[in-house]
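Report on the following structure.
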Amino acid sequence: MAEERKRSTGYHLGSVETVISVDEVVEQARAIAQAVDQADLLALAHNDPFVLVEDLRAGYGQMEILHGINLAVARGQSLCLIGPNGAGKSTVLHAIFGFNNIYSGRILVGAGEKKRDITRLSPQSKLREAGIAYILQDKSVFPGMTVEENLWMGGYLKDSPREAKEAAERIFEKYPRLAARRKHPARVLSGGERRLLEISRALVMDPEILLVDEPSIGLEPRFIDMVFDILDELQHKDGKTIIMVEQNAKKGLEFADIGYVMVSGELAIAGKGSELLENPDVGRLFLGG
Amino acid sequence: MDNIWFNIGLLLEYPIVNLKIIIDGVMIGALFALAAYGLALVWGVMNVKNLAQGDFVIAGGYVSWTLAQMGVYPLLGVPLAFVIMWGLGWVIYKTVITRVIERDLFTSLLATFGLAIMMAQIMNLIFGSDTQSVDMHWPTWRLGELGIIELPAAKVVGVVMAAILAIGVVLFMKKSRMGQAIRATAQDSRAARVLGIDTEKVYAFTFALNAAICGAAGAIIVMIWVIQPFYGITYSVRAFVIVTAAGLGNLPGVIAAGLGIGAAEQYGAHIFGIGYQQAIAVVLLLVVLFYRLMRQRRLRQVLQ
Amino acid sequence: MSAIIEVSHVSKSFGGVKANEDISLTVEKGSITGLIGPNGSGKTTLFNSIVGYHPIDSGSIRFEGREISKLLVPEIARLGLLRTFQQTRIYGKMNCVENMLISIPHRKMTLLEAFRRNTPEERERAEHLLHFVGLYEKRWLQAGSLSFGQQKLLEFAMALMNEPTVLLLDEPTAGINPTLINGLIDRLKHANREFGITLFIIEHNMRVIMNMADRIYCLAHGRLLAEGTPEEIQNDQRVIDAYLGAH
Amino acid sequence: EECGTITLGAAISLTGKYATNGYHTQNGYEFAIRKIAEAGGVKVGDKCYNFKVIYYDDESKGDRGATLAERLINQDGVQYMLGPYSSGLTAAIAPVTEKYKIPMVEAEGASRSLFNKGYRYLFAVLSTSEQYLASAVDLAALMAEKSGKSPSDVKVAVAVENDPFSLDVRAGVIEDAEGYGMQIVVDEKLPRDLSDMTAILTKVKLVRPDLLVVSGHSKGAATAVRQIAEQGVSVPMIAMTHCEAADIVGNFGEAAEGILCSTQWAETLKYEDPIFGSAANYNEEFKAAFPEYADRAVPYQAAQASAAVLVYKDAFERAGTVDDREAVRDAIAATDMMTFYGPIKFDETGKNIAKPMVLRQIQNGQYNVVAPPEFASHELIWPRP
Amino acid sequence: MSMRKLALYGALLLLTVAAPFLFPAYQTQLATLWLMIIVALTWDMTGGQMGYNSLGNIFFYGTGMYVGAVITITLYFPLAEYTDASRSETFTFTPEMYFTGMVLGTLGAGLFCALSAYAIGPLFFGLRGPYFAIGTLGLAIAAGEIVSNIDILGGGQGISMPVYGGDFEVFKKIIYYVFAAMGVVLIVFLSWFYQTRFGKAINAIRDDEEKAEAMGIHTLRYKLVTWAISAFFVGMAGSISAFQLIHFEPLETAYQTINLGIFMVVCVLLGGKGTLWGPVIGAILFHVFKEVTWNYLLGWQWVALGALIVVIVVFFQDGLMGWLRHRKPEWFGIRVESREARASA
């Protein structure tokens, strides 16, 4: 991926003229939905998926939210899920990490022969055994621990506490904003500072796969750019695989190699990120016109 | 009323009595503090309010007492009770607590209330309802005029052991990785799982640790006071009072509050009469709560 | 137009952190006012000071000419000054309709009136508003099981249900689908125009704030950095340097 | 020939704070039943009957006791009741038996507060509790005079449990002490779950009273004796209740020396009846029947429990019926008999007014009667060693 | 209301009225059952519906007992003499005196408890969650200990109420019907109360009080009124219990924190918190279980009870009603309409 990427910054300005109700969005999204078949998805992932989700049915309690989701992303690729609120985007990440009930379907991780079925792996083993890190959509810092301790906890799986501390130091070097508040309990951080902490904490263990739920939520414009720069670096320099959910859809699709549009627990459209950006329906329905 | 003034007068007339009261209070308080510390742990980490706390203490006491009857040297009862109660705690966690964890306030409160009833009654069926104690046959040192201050060697040793245990647990929580994992789980278990912490193991460990701490406290208590199957409630109430007064998540505060309540109870017992001992503990709790409430109110906040 | 909220020389610090320093601003009655600023610049803190979540160190806050900086949260809320939360808060165990019905303006009721049942008009209004935010179909679902964005929409509908005089919104569009944001903005403007609800909004999303606000204040490092119309703010070099970045 | 059965009901404290005494009480009932059966049973008209008791455990709690009494009467169809242990439980149960008009002869509720409620069906074989330690006050006054002081110089310390029995004991002591113009220097109540009374003993050490009075059932006696020794409290005269029940000699040996113990009954007293023989005889046979008492004094709680059963036997025989409850009640009310336990005659409120109490002192591990003078077998040792 | 519902309620009411005649040997237990239902329902008002889990509602029960007794006695005799341990005089009550005392005493107890709830409420309602639970427990414990040291209230000996002079069978029925009437009134009242805006508002307090405050709901006022109503009923129930039990003492009967004080919570949990019928069903099940074990498992009764509580809590965490709700959500009006239905079809 050598070509120069042109990206918008922050939340980007634009008009707010297109006014559609939620129901309308869902209705229209259904209308433009194409049958997304497995082969297309695999093709998008260069037919060498590193993370592969097959016909996943999952939900909370007895309620099925995802009605047969397929997903494929190659190693070092990034994928962005967009869709109206309540479409089930977070639920996909939840399911991959094992936080909800999976009724049927499989989740496979690994390339080629080393593929491994992690459908039933417990959440706490995901990081250790499958190298999956998860940045949750809502608050997940340890409020009573200091910023520093939060980062150390990020390295809980490291062999020795010293390594965790060294990793934390590297992060402080990178983000002086966090360093300035290292001794403060995380509970007093502002919304944006917390987000930064959550993201950097997830990186301490150097995971293979990152599940990121709305990284830009609540961030100031310059931070958004920064977060995406970080993700960019992680993907392109460190070769991480990223599966992201983003409501700042323009930003998300610009960043991601692959974009999926989800509606009501099903895939409606899948394509390259840049293709989706150009798709007028997607623009109208999900990018705010 | 006259009585009360008279009693206060005694304190002024014989200042050494104050010292005695404080020493006695701290000795009792140290053991309350242990039980409270365990409670603060399970409460903070698992959000389980363990009403069987006092019954763990008593059970630990009976473990040690039984061992002493079998000829084991009583001091060994403390570590042994620690280990055996650890096992019991683990079993209880796996059978009951794991199913009520992370539920709302009252689920765990009631589950453990049920446990408390069962434990007390089973101990009653096994050991009978008479009070029991293990006599160490150690000397008592007397200090001060009239030998007002008594320091039975057993009590001194007991308090020292309590202190060692407390320090050990505090260091463990701060320094060890398990300790850190426990603290992290306490604050956000989902986030802890995302970071690869096996929260189920953390919970089991914490609960077992709590039972063990209580058990050791009970083993000390049986050397210096008496136990009886139904005395658990006394320790449970004190543990709750202490934790609530110290404030959740304030582990060092728990120890201080434990010692403080021990001393306050002794003072209260002296001034108002021992009939008021329990009342004093709870009134003190209410006072602390309301004081904190007023302070919070000035901060335009509530106590939660 | 007259000022409905007057914040003058308000300072608030937490331990060593000066979250707000000598901030003065006014919100005009009937206007839409924006509050922007980098993360940690003290926006939420200022909101919290206004609605009474913590005492302020110094300064004064007046609402409709009345000093409110010493009042408690419920007292202030009963004056008709309402806020939504940055972290969404709804009544998780109840369904959406109940959430709405609870949000009727209790402050306008006597105790006796509280002992009546909800009127059909209230129900109708509730359903109407739910329909508007697109939750009509889910109205019998427990609010706790709505998605993040849905909860935000519900919270917004609840705020409207309450017929406040002033509504403070803390990042109302964070995490909401861009297209739906448009609808939200439309509805906010509508609420402002038709019901005369004064809006005071924290936003990071410039698309939203620039299109809505009559006047914008920008905070940085706890101080007031700039104020003006959206155009003025967008072109203010200090704001660009401190916050917007190049675009 | 085969005898019929008269079923009595009793709620007894087998667990909880009164468990030890509940046990003594139960043994007393059982022993009497056995002895009566051996002596040919209860002869009503030309038939003979044996007693049988249905016991429930009241857990030493009043409301349980009341519920159980109701169950005994309603579900088990019991027509005649024996008392529970303690005045507190008797106070809880008496209203129930009263409501159902079921006679209850009780042996373990001595508080005067039981006998001012106008109960018609409640009868107690014992002397009321204000008499328990009042004579200790007399002794203290006597000793003060002997040593050349005035009784009004005597300082009294009182520590009693907060229950009907002990409060009444305290009332008796205070009335008498005030009569002498004595000074009450410590006046404290013991809590329900007593395990530590150091606070009181510290005060006692400071104010040095001439008489220390403790009443708190078995737990109170045991705690007091142990801690008095531990803390090295020296008071010339210490008087308490429940010494025998708590077996303070057996449990604390030396520490119990010189303590004055009030008792409803002593095996050295000269009472007798045809079933049990003399008091001394009762003592011996009881020890033989319940070997666990071999090395200790038989607590009077057991003896009076036996006496209660004896009252029933006598009343049934005089009434000549087992079915007519009213007749039996009237027969009980008319009781006037001599037993190994002492004379029994009820006044119109149902308490036994015929029998005095005695005070024993522990001397060389023996309980020796030292007061009142007409029963005394030994001299009082004063001050306490 | 549908015909079927009406018929059901009619049948239940009929059963309530007929019960003492159907089970004459169990009248006292039936009366106690109504007591359990009353305390469970009132506990649920604050605990289940308002989210303030009190462990100290027994305070109002005990206080009700004492107030009822004190009023009844002082109407005719000096209290100090009545409760004096060493009095020798006997005080007798005629039926008129007895019933006047009962009516005035019970109403007085209810009012006193309601007022005291209103008075102490502002202090306690500043406490949240576990602090409230423990704080109220402290209140009950302290009250018991303190009352047991007040001589004029009989101190540790408690108080023996006057005994009803007339036929005992009649007495039992009176107690039963008073309790039953109170229970029925309470159920009817609550079924209306929970439908009002007030009822909804206390639900809001339960789910998120901070939010409710920020929405301008008079949270403190609503909390006080709810607690006062709850205390009113508990206080009256306490007073009636005093008449039923006749003798009561402070620690084990009146302020019995770990028996009735906790049992009422267990009943509610068993049936289902925050529902109207949950506490009723829970109280019935609990009471029956308790009576049965006390009858057939003597000696092991407490073990059985403890085990029952554990089992309930472990397997029916949301109570029977919660379990039903999970099984049959549509009975409780949980549904998704139109499009969602289509989507999953």
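Chains here go by letter, A, B, C, D and E, matching the order in which they are written, and residues are numbered from 1 within each.
Just so we're on the same page, a contact is a pair of C-beta atoms (placed from the backbone, for glycine too) under 8 Å apart; a residue touches a chain by one contact, two chains touch by 3 or more.
Note that the coordinates shown come from a computational prediction; the quantities given were computed from them, not determined experimentally.
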According to the touch definition, list the chains common to the neighbour sets of chain D and chain E.
B
Hopping only between chains that touch, the fewest steps from chain B to chain E number 1
Could you work out which chain's C-alpha centre is the most distant one from the centre of chain E?
A
Pair of chains joined by more contacts [C-beta pairs], A-C or B-D:
A-C
Using C-alpha centroids, which chain lies at the maximum separation from chain C?
D
So what's the Cα centroid distance for chain A and chain E, whole Å?
52
So, what's the distance in Å between the C-alpha centres of chain C and chain A?
29
Between chain C and chain E, what distance separates the C-alpha centroids? Give it in angstrom.
42
Let me have the rounded angstrom distance from the C-alpha centre of chain A over to the C-alpha centre of chain B, please.
46
Where in chain E do residues touch two or more of the other chains?
148-149, 299, 339-340
Sites on chain C at which at least two other chains make contact
73, 137-138
Two or more other chains are touched by the chain B residues 273, 275, 278, 297
Chain A-touching residues of chain B, taken from the complex the two chains share:
177, 180-181, 183-184, 186-188, 190-200, 249
Quick check on the complex: what are the chain A residues that touch chain C?
8-23, 25, 60, 63, 82-88, 90, 137-139, 177, 184, 188-193, 195-196, 214, 217-223, 225, 247-250, 284-289
Can you tell me which positions in chain E touch chain C when the two form their complex?
193, 195-198, 200-201, 203-204, 206-208, 210-222, 225, 274, 333-340
Footprint of chain E on chain B - complex, ascending
43, 49, 96, 99-100, 103, 105-107, 109-111, 113-122, 125, 233, 237, 240-241, 244, 248, 273, 275-276, 278-279, 282-283, 285-286, 289-290, 293, 296-297, 302-304
Would you tell me which residues of chain D are touching chain E in their complex?
56-57, 61-63, 66-67, 70-71, 74-75, 87-88, 91-92, 94-96, 98-101, 111-113, 115-118, 130, 161-164, 167-168, 171-172, 175, 189, 192, 349
